Amino acid sequence: MSAVSAGGGNRSTTLFVLRNAPVLLFIVLLACFGLMSDRFLTVTNFVNIVIQAAHIGIIAIGMTFVLLIGGIDLSIGANMYIVAAVLGLFLKDLPLAISFPLVTLIGLAFGAVNAWFITRLRVAAFITTLSTLFIGRGIALYFSGNKMVGFSPEVLALGRASYFGVPSAIWGFAIVFIAAYVTLSQTTFGRQIYAVGADPDAAGKAGIDVRRIVFSVYCIAGVCAAIGGLISLSQVAVASSTFGFQKEFPVIAATVLGGTSLFGGRGGVLGTVFGAVLIQTVENGLVMTNADPYLYPLVISIIIFIAVFIDSSRNSILERLERRQIRVERV
Amino acid sequence: MSSTQSITPGSAAEATRPQRSFAVRLLMSEYLVLVLTAIYFLVMWALVPSIATADTLLDILAAMMPLLVVAIGQTFVLIVAGIDLAAPSILAAASVAGASMMTGEGGFALFTGVPIGVGILAFVGVGLLIGLLNGVCVTRLGMPPFIVTLTTMMFFSGFALFYTSALTDDGSSFGDLPSAFVAIGQGTWHGVPYSLALAGAVMLVAHLTLSRTVFGSWLYAIGRNPRAAAISGVPVRRAVLWAFVISGLCGGIASIIYTGRLETGTPVLGQRILLDIVGSAVIGGVSLFGGKGRVTWTLYGVLFLSVVDKGLQLLGLDLASVFAIKGLVILSAAVLDAVRHRLTLRG
Amino acid sequence: MQISRRAFTVGALVAAAGSSISVMVKAEGSKTVALLFDSLVSPFWVSGIEIMREKAKAKGWTTLENISNFDDNKQFEQVKAMISRKVDGILIIQTDAKAVIPAIRAANAANIPMVHFNRPPAKSDAYSVAIQADNRKIMQDTVGFMVAKAKKQGGKYKACILIGDLGDVNAIQRRDGFFDVVNANKDIIDVVARVSTEWNADKAFAGLTNAIQANPDINFLVTSSDFLHPQIEQVLKSANKWHKTGEAGHVLFGGFDGDEGAYARLQDGYLDACGVQNLFLEVDMAFGAFEDLWAGKKPEKLLLDPGFVITQEDLMAKRDQMWGYTVWKKMQKG
Amino acid sequence: MTAAPFFEASGLCKSFFGVQVLHGMGFTLRPGQVLGLVGENGSGKSTTMNILGGVLPMDAGRMTLDGADYHPRGPREAEARGIAFIHQELNLFRNLSVAENLFITGFPKRIKGLPFIDRGRVAARTQELLKAVDLDIAPNTPVSRLSQGERQLVEIAKALGANARIMIFDEPTTSLTTRETDRLFDIIGRLQRQGIAIIYISHILGDVMRLCDDIVVLRDGHKVGQAARADMTIEKMITLMVGRTIDQMFPPREPPVTLGAPVLEVRGLNQRGMVKDIGFTLRAGEVLGISGLMGAGRSELARILFGMDPHESGDIRIGGTQVRELSPAACMDHGMAFLTEDRRAEGLMMEASIADNIALASLPKFGRSWAGFIERTRLGDEVQRISGAVRINARDIQRTLVKNLSGGNQQKAVIGKWLLHEPRVFILDEPTRGIDVGAKYEVYKIINQLAADGAGVLFISSEIEELTGMCDRIMVMAQGEIRAEFPRAGFDREAILRAAMWHGMKETA
């Protein structure tokens, strides 16, 4: 059996444009900002954009895992702050090679707490992570006493460091991305995440350990929040009592902008990286062109809107063009 | 959290089911959130006796009204499996637009002689417009509600700031509002706050709409299975559009109450309460996945959060304890609900 | 099993709330003052609330705290809760100058004195006392000092300002103070970047990085709050622009608040000038206002902290008035 | 066939909520044996198979596999012991590829000890398995692009990949075309020759007779009969299943002497890639069948007629009036109703009560005043009446959720929904798919009653027997066109099948 497909040269160009619409939008944006500021289209500036997108991007990669199984994690900001507080208050004197893995473990433990409530007690993910958002920040605030948390000079030096000409933040971003990409596309675990997201009941019947998968993705989100928090704090050098506060919004925005569905089963980390970089590009372009700060949210929201609009209308047009043709039964 | 669903076993099961203790029956009822509110209240009463004074109780009631109104709007959208993240920006944009009409410091509508009327129209109009915009994007352009309302939230919050900075001397807010308008948020009639009456009316209309009308039944059907609803002749797009418009309208009305209470039209109004809005509906039992929810459930959720907040305010603890206790209380409620759900499933 | 778990959760809830009983017991007796902050985002506020706690304790007062997280409506609720608690005085840091008026009225009606710390309310018929630093004036003086230094050094300057949250009066006043001076000196100073920080550290970091990227020759930098210094230092170090006064490539750098970081950077020679709000004075003024009000006196509605500018040159002479120096000293010890 | 049994179950018992649904069920399996399992919905077939597949634990009883105790604690263990379950609702993940679906519980790894998937081996092994089930598609084809029949074969390939020794088929042919069914049976024969034991559950008794070596009949959780094929007849099976004799498979149908006025007229209906030049007239009181292979355009035609999909040209009159802007709402206004082939996804709100489902399509009729307040008592009475008329078996239609009903009762709820709307044209797309004999009979009776009351019925089905038993006239579709039409007097199974396969025969000829 095969689908009868009517093809035409004209239609395939349309399809090409549609399929690559987000990239084209990105190019148009680059051209616009490039025309308005001659310093925008430079390698250094692109490096800057990626550095600034790194921490949101990394956390959003973790969020992608959670959204892929149809869950949500609102507590990542609190997780970031706990990591910052512990690193700055208790592990200041330890070498990075020890303190970083330790706080990453704390991020993992935080994710595991979420996961435990969600998988064992079957509390809804939204409410669980809403609660741990408060509890986590409360605990960390107890440690920090609301004070600014500072870090050892090594941490700050790491924030500015480059290895083989590539800044540390980009290294972190790239490593997390590659690990996540390979996990999702090249491992049984990754493919099972998609299966659980598409239909948890069917996944259970097929013999997939659904609880283990769900548990793991919240842990992954916790680890990513910790790593993203580390990158962020190594850049901004101190963590105030609002470090990571309300970070869930830009993180989920980047993930969803990258094409990951909130209802599970659809999306991927490549899109997430694209989403995070796109938002940062716009913010960067606005500063480069010395725009009125009041206009920032207006312009950013309009551009996100256009991106999503193109994406959704593209999908419906693609659907129409590739509509199921009559199936002919082969005899 | 979920509603009371009953699996209907055979009649034999009914007969063999052991008599349940009062505690278990209470745990399984839809009033669980109310019970938890009461328990929390009693604990607080022991710690801070002033929580049980008439004034404080009236404060709690009056204070929860605007949140209730905006959460009711959210309930409509949640029932059709949508979400309206734009609610805070509706509060803010309506607040500055309405206040800019009425302010004694050069309001646009002063010349009309009835600035209050124009102002109220502006509140409601801004709410309706943003709701309509969200609805059109979701139903006509086929965009996901989450991202549509996220962008409208950013846009209109930004716009409210921009508008205020352009039109006020200090760039922060519109004050000097007419006293008759302020009364909507603060005034009382024989001890009953006007805001209570207004929110009560909204609640009644919303409750009747959802539970008694064709439109309400359509909304539930869309939330439960949009394809089946469409095939059964439900005007899915139109109904979803209306759900967003209603959410916008509720945002506008809530903004009137907030603005009246604060005597100020401010662009930062409600910017931090998004999780309170969605959270109270969800704690009450409204499903984020559509098809399940009631106005009364949302009321319980709002009451719960309001009482929790007021108790913490009265204690006057440091921020760390406030966060930790609030989180623990919500989590305990959620765990209890999960336990209840399992008991229900067990039959 | 269900029952036991339920009992457990309820028990946990009671225990969590019960742990605070001790706080409540102390609340009986002597004067009780409510401290209502809108956030504790910068060292200024954190030090502020700590100084208040200490000074109140020294006077034998009890304090209650509430943080509104920039939510005017929630803060109104908190004022009402404090009125319910029948406190003897309310110290408030509101987010919006106008939205606080109903709260003042409510306090007036309950006959509880109200003092605004660092941010005055808008004009109204309600009575309360406000303590405020003269933001615009202090910023004018700070930038004025920098401009004078710039003139002495000669050359043209590309300036950048980090602006605070656009909804905050203090941020607006400081911005205006900055522009009052630079606009009068357009011949040598050209403002090439206005970075909107929303009082948010990573926004400030990204915004300043981008600004330096767009204008690598920025050599005149003013921040509306000292709590952004660590980010500024990170960015300037990355751009290889972090140099002491007198070294080649030094960026003229001005701060505001006078926190411990500002003191350290003044001492090390990176910061040229800092507009200091006299936090100790402001707390004393606020508590003094309470005592006056309890005594039946009626202080002026607005009490100004004139503040002062501290520079590398007069650091030793003035540092004892700088609250950041005290905090810094304490940190050096502990 | 003479091999000794390697699997034995005896005395299986199971209760839900204190109700015993399985009483001492037992059977044996030999390698290469096909065991048919028949019974009405609720008779305990699914419970038995769920116990076997490790989905449910048993309360009492014993199972042995190769002489050793077999008590699976979950589907994984069942799978590991060589028992595969081909579910009725196919458990494939639409968002994954065919190859990924085959290996979702464990991909071959590139290097032992590292988690990376060896894509090359996956593709090769998938090719091999697909070949074993005669499926000619690329391993990386997304499952969402496959037809129901193809998905079924993928499931079988998956079971083969897991080295299954017992394969359980639960209603495998409900959504398959005749052609696909034949192919499935060929493959089952092949599996049988490889020594795999098959448990075959179906309501289509003809298939059971054709395929199975032994047949077990269940009623109310009891095993009421077991016999080799030679000793069993369809009539005997029905008698055992229902506990009484059903004289015929179909209720008597008296064709109307004079047909009424046209209720649905279609002329020159076209939609590229879907349907081509469709024209027919349906009259009041008539039951018009549409036969054809899967993909012949039957469902597509129905969807276009009900305004769910667009059409490029054509003239459609419902009840004599031309309807230009087709939409479900417009069609309903003209008295049309449509029962779709996918009742779970398109027919029902699974999480809602029976009453809510029945009321859904007729709500505006019960709206009062401008606000549309629902007249709840009148609606309640009407819904109760309808539910009685279609004989839904549930204790409380206001509280019982549809998801807890059997397939037959679910279908009756969908039919009830449309009956409340009082249709004059009723399009039924596979109305008896996956429902048991008793329920089928009741659906047929409802259809007869509808026609007798003057409605026109368009009856789409893949079961030719059903059409010949129920219709006054049958149209046969192939490749989006109407290829033949048979009056009741001229019904001929062979001729209908030939017309349906005309295209294919020309190709192979």
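For reference, chains read A, B, C and D in written order, and residue numbers begin at 1 within each chain.
Assume contacts are C-beta pairs under 8 Å (C-beta built on N, C-alpha and C of every residue); 3 or more make two chains touch, one makes a residue touch a chain.
Computed from a predicted structure; not experimentally measured.
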{"item": "Set of chains whose contacts include both subunit D and subunit B", "value": "A"}
{"item": "Of A-B and A-D, pair with higher C-beta contact tally", "value": "A-B"}
{"item": "Most widely separated chain from subunit A, with each centre as the mean of CA atoms", "value": "D"}
{"item": "Subunit A-subunit D separation of Cα centroids, rounded to whole Å", "value": "42"}
{"item": "Inter-chain centre distance, subunit C versus subunit D - centres from mean C-alpha coordinates, in Å", "value": "70"}
{"item": "Distance between chain centroids, defined by C-alpha means - subunit A, subunit B (Å)", "value": "29"}
{"item": "Averaged-CA centre spacing for the pair subunit C and subunit A, given as whole angstrom", "value": "33"}
{"item": "Residue list for subunit A, restricted to those that touch at least two other chains", "value": "145-146, 241, 294, 296"}
{"item": "Subunit C, residues touching no fewer than two other chains", "value": "40, 166"}
{"item": "Per-residue overlap in subunit B, given as positions that touch at least 2 other chains", "value": "161, 165, 318-319, 321-322, 324-325, 328, 335, 339, 342"}
{"item": "Chain-to-chain touches, reported pairwise for every pair that qualifies", "value": "A-B, A-C, A-D, B-C, B-D"}
{"item": "Residues of subunit B that touch subunit A when the two form their complex", "value": "1-2, 137, 141-144, 146-148, 150-155, 157-159, 161-162, 165, 275, 278-279, 282-283, 288, 318-328, 330-331, 334-335, 337-339, 341-342"}
{"item": "Contact set on subunit A toward subunit C in their complex", "value": "37, 39-40, 44-45, 48, 51-52, 55, 145-148, 150, 156, 159-160, 232, 235-243, 280, 283-284, 287-288, 290, 293-294, 296"}
{"item": "Residue ranges of subunit D in contact with subunit A within the complex", "value": "55, 74-76, 79, 85, 87, 89, 91-96, 100, 103-107, 115-117, 119, 137, 145, 147, 150, 177, 179-180, 272-274, 293-297, 300, 479-480, 501, 503-505, 507-508"}
{"item": "In the complex, subunit D residues that touch subunit B", "value": "16-19, 306, 308, 328-329, 332, 338, 340, 345-352, 356, 359-361, 363-364, 366-367, 371-374, 376, 394-396, 399-401, 404, 417"}
{"item": "Residue numbers on subunit B that touch subunit D, as the complex places them", "value": "5-13, 16-17, 208-209, 212-215, 217-218, 220-221, 224-225, 227-235, 291-292, 347"}
